[in-house]
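Here chain A shows up in two complexes: once beside chain B, once beside chain C.
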Partner chain A sequence: MADVKLDHVVKRFGQMETIHGVDLDIESGSFVVFVGPSGCGKSTLLRMIAGLEEVTEGDVYIDGACVTEAKASARGIGMVFQSYALYPHMSVRENMSFGLEVAGEPKEVIEKRVAEAAEILKLGDLLDRKPRQLSGGQRQRVAIGRTIVRQPKVFLFDEPLSNLDAELRVQMRIEITRLHERLGNTMIYVTHDQVEAMTMADKIVVLREGRVEQVGTPLSLYHAPQNRFVAGFIGSPKMNFLPVTVKAASAGSVTLALIDGQEIALAADGAALRPGQKLELGIRPEHLIVGKGGDVEISLHCDVVEELGGTTYVYGDLSGHQVIVESDGETTIEKGKASLFSFKKERVHLFDENEQAIAVERRVAA
Partner chain B sequence: MDMATPLPGRTHRKPGYLKRGDRLFAYVILAPAMAAFLVMVAWPFIDAMSMSFYSYTVYDPEPVFIGLDNFRTILTDPYVLGSWVTTAIFVAGTTLLTMFLGLSWALLMYQDFAGRGVFRTMTLLPWILPSTVSAFIWAWMLNGRYGIVNVLMMNVGAIDSPVQFLSNDVGAMVAIILTRTWISIPLFMSFFLAGLQGMDFQQIEAARIDGAGNLRIVKRLILPHLKPVFLVTGALGMIGNLQQFDIIFALTGGGPVRATSVLSIEVYKQAFQNWSLGMASAIGVLWVFTLMPIVIFYLRSLFRED
Partner chain C sequence: MFELRTWKEKLGFFALLAVIAFFLFFPVYWALSSAFKANGELYRMDPTFVPHQPYLGHFVSALTEGPLMLQLGNSLVTSTASALLNAVLAAFAGYSFAKFDYPVKKPLMLLILSAQMFPFGVLLISIYPMLQSVGLLDTRVGLTISYIVFALPVSTYMMYSYFKQVPNELIEAARVDGASNFKIFRRIVMPISLPAFITVALYAFMWSWNDLLYSMTLITSDDKRTVGPGLLLRYINENNADWGGAMAASFIVAAPIILIFAVLQKQFIGGVTSGAVK
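Coming up: the complex of A and B.
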């Protein structure tokens, strides 16, 4: 187990800066997920921790030691790749032994550690097979096994489940979570899938264009996103955003005009707001109620209804803005007609012109 | 189960078998290629094979059937037999050196560095030059009086006085091996580079994390990955080098004396210097049988399904 610290880490490829001074503290034994859209720099950041990518500026610390200039093999890390990166001409056993052989470990130690890892990952019957004779899930388990035998201080996972089908992805997700509970090592996991991030992480790091947007527990990111990007990225389907105009504002309350003309008063920090200012109101699809029952009622013209059995998604229109509603499978909404929906004020998020969140008083635990 | 019902698959034709109409069409579109093959390849080969059983020189107004005499002569003539040894040295030396340098160059060109594209393009230069031009360039560089090789070797103190490379046995053999290698490197490098680019780079990164150094990565990962490329380039290289004529003829003409007289040169000399077409054909036939195992190995590797 070891903690990981990034101290103002910058990465430039030629003239192009892709990571802009990232500071991050990862506690020993935690499961941290880097999440963000394609090209946000999450894999580059992981590869810099691994030592596979040079750090242009700043420092990387593992277990208190500065490893910025250290070789990948000297950092005490193990890495699982998206492509599995198994050695195709070697058997599962040889794949798992390779790192220990290179380290000059005695044969008995190698055999013992491979056997232990094989037992943890249920690979006992597959040790003499070649990677091409394994399924995608089995290959990924071998890739994890190859990392386990080296007993690294920190495990790094670079989108390890992206090549698997949906069912296997869920299964492997659970297996990796169990593995973390069993081994207790620090694990850093990169994914673009926010469901993976929400279900696996102790702490999520949301990245956009080489910058950290927010760091926090999955539920804190869900309930209290610090900006519009995080609010839109965490949660599926993504949060609805509606333009609103400030009518009146004070330190403890804000009155807003919705695009359908109605005014709503929120218990929010309006000290810095002025009348006429354009804001965005965010409301998650699962926080919209079919019919009455909320504090604010809106009428949506519903054009698409997706019934998935347990859940129903309704796609409606509010004065030219699409609004998605997530409801239970019992909901019956007629397509092509206007229907009434509502929401509670405490579920609302507010964002200013700079996409930063404005604090709204809520009775929901964050 | 109804016994009259055909078992699944029984009614299907074997793969590769065509319907009657399709078969006729297949023969029609195959005919031009078959005709070209028969006229350009099969007939000359059969003619040469039959000629190998005849004595046909400037002294013979007509070919005289002599059975296996040509082959007996070849197998008892130390000079002609020596051509096989010379050929073996040339083929082994050239093929091994080209594979080693082609792979080394491919490994260099696989690295990420500024100007890689320019270097890769420049590497193809020896390949696009006519081989006789390359041969004359090397003859000039190896020249005993004004060749740059002599100048460089004298400057670094490797030799005290200029060496007539092409006038001694070893020097001439080294010269033809070097020239042929220089010309072949681009093709071999392309094969190896294509093989390297087909490799998952994350395997190398995984090995780096496992602590493997460059040599171990080459030995344990890259060479096993390139095994099929080695088989194909090895076979192709041997076939090409066994057939080599123009460079050797332009550079040494098979000399000094017979030091670089490989099979192709020997056939040429028998046919167009000694005017012994029967003997030239007999050497040619044995030459084909020398090539045959390598060709069969190459074709088997090429069409093997896995």
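Coming up: the complex of A and C.
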């Protein structure tokens, strides 16, 4: 068990700076997920923790010790790669024992640890197979097994499930979560799949263009995103954003004009706002109610209705802006017509021109 | 792979193959059949296509009369040594080019490849005085080195291209596992690059085995001669009347190469890396 700390870590490839001073504290034993769009620097950050990429500026600490200059093998980490990176000419057993053998562990220890890992990952029958004789899921388990046997303090995963099909991905996701519960090690997991992030993480780190946008528990990111990017990134389908104009603002209340012309008063921090200012109102698809029942009613012209059985997605139009509504499968909405929807004021998010969140008072706990 | 569908396509394909095969193999066949003909049959005015009475005398005389055995030994030593040394050096150099970054890498690669642009005869002009100055003229060591000089650039480039395809993640995984650079090379990279290694070794082996010019120029003592000049000096002159012996000797000399190819053919078919990635 070990904590991981990043102290103003910067990465430059030549002239190009891709990580811009990241500070991060990862608690011992926690499951932390780095999430963000492609190219945001998740892998680079993980590889700097692993010691596979040089740190340009700043420091990396593992278990209290500064490892910025330490070799990958001396950091007490284990890494699972996206491509599995199994040694193709070695059997599963040899793949798993290679690291221990290199470390000069005695044969009995190697055998014992490989047997343990094989037991945990249900690889017992496959030990003498070559990687090419395994399925994708099995290869992924071997890759995890290979790191387990070395008993690392910190596990690092770089999109380990992205080569698997959807069904297997869900299964492996659960297996990795179980593994974390069983081993209790610190795990850092990179993905661009926000569902993986939400379901697996104790704590999510949202990255964008080499910067940390927000760090928090999955639910705190969901309920209280600090900016528009996080609000749009977490949650599926994406949060709806609608332009609004400030009509009146004070410390405890803001009156906004919606694009359909109606005015709504919110219990929000309007101290820094002035009338005429353009803001964005965010409301999640699952927080839009079919028919009456909310505080604010809007009429959407619905052009596409996707009925998945348990869930129905409605794609509506509000004065030229697309609005997605998620509802249960019970309600029927007619295509090509205007229908009435509503939402509760406490579900609303507000963002200023700099995409920063403006606090909205909520009765629901964040 | 494309499939030949209609019988017309198939017929055309095999006809084409037959023509190519004829041009490629008829001289070989003719030489082989001559080697098995006794002199009486060999020098008939109406040549026989298949030896009427297979005769092994030429093979026996080629091996027992004259220095062919000694020359085969010399060739084996120099070719094997240059093949292995060449492959090992090419592997190291190719790996460094493929997987490491250092300032002079690009110019160094160009320099090595540019050596390939000189015809081997021209290279010989500079190799000769160099070997002379270090006292390696007329030695098997000197000959071996000169073969490596010729084979190394292409071999390095071949190894480089192969290593380029070895996924970095494989090397990184081994690094996380604690293996040193050399251990990664030996335990991970080389085993999966065996086909390339063997190809490169064979390339140097064949080049040295089939060489005439270098051996002819650099070796002057009869006891160090290799098979190329050996065959030439013994059979290619106006006094030679032993054509059956020449053919037999040629086949004895060609045999090792044919044998090696037959045995190692499987190694050329890749697929060793499958299962590493994805």
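Everything that follows uses one rule, which is that the second predicted complex is superposed on the first by the 366 of 366 C-alpha atoms of A that agree within 3 Å, B and C clash if a C-alpha of one lies under 4 Å from a C-alpha of the other, contacts with A are read in each partner's own complex, and residues count from 1 in each chain.
One rule holds for everything that comes next: contacts are C-beta pairs under 8 Å (C-beta built on N, C-alpha and C of every residue); 3 or more make two chains touch, one makes a residue touch a chain.
Keep in mind that this is a model prediction, so the values were computed, not measured.
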Looking at the superposed three-chain arrangement on chain A, would you call chain B and chain C a clash or a fit? clash
Pick one for A:10: touches chain B only (first), chain C only (second), both, or neither. neither
A:81 contacts which: chain B (first), chain C (second), both, neither? both
Where does A:163 make contact in the superposed view: on chain B (first), on chain C (second), on both, or on neither? second
So, A:258: does it touch chain B (first), chain C (second), both, or neither? neither
The answer to whether chain B or chain C touches more of chain A is C
Can A:150 be said to touch chain B (first), chain C (second), both, or neither? both
For A:318, is the partner it touches chain B (first), chain C (second), both, or none of the two (neither)? neither
Where chain B and chain C land on the same part of chain A: residues 50-52, 71-73, 77-79, 81-83, 85-89, 98-99, 102-103, 146, 150
Per the contact definition, I'd like the list of chain C residues that touch chain A in the complex. 167, 169-170, 172-179, 183, 187-188, 191-192, 272-278
Residue numbers on chain B that touch chain A, as the complex places them: 200, 202-203, 205-212, 216, 220-221, 224-225, 227
For the complex, which residues does chain A have touching chain C? 50-52, 71-73, 77-79, 81-89, 98-99, 102-103, 130-134, 136, 139, 146, 150, 163
Across the complex, what residues on chain A touch chain B? 50-52, 71-73, 77-79, 81-83, 85-89, 98-99, 102-103, 146, 150
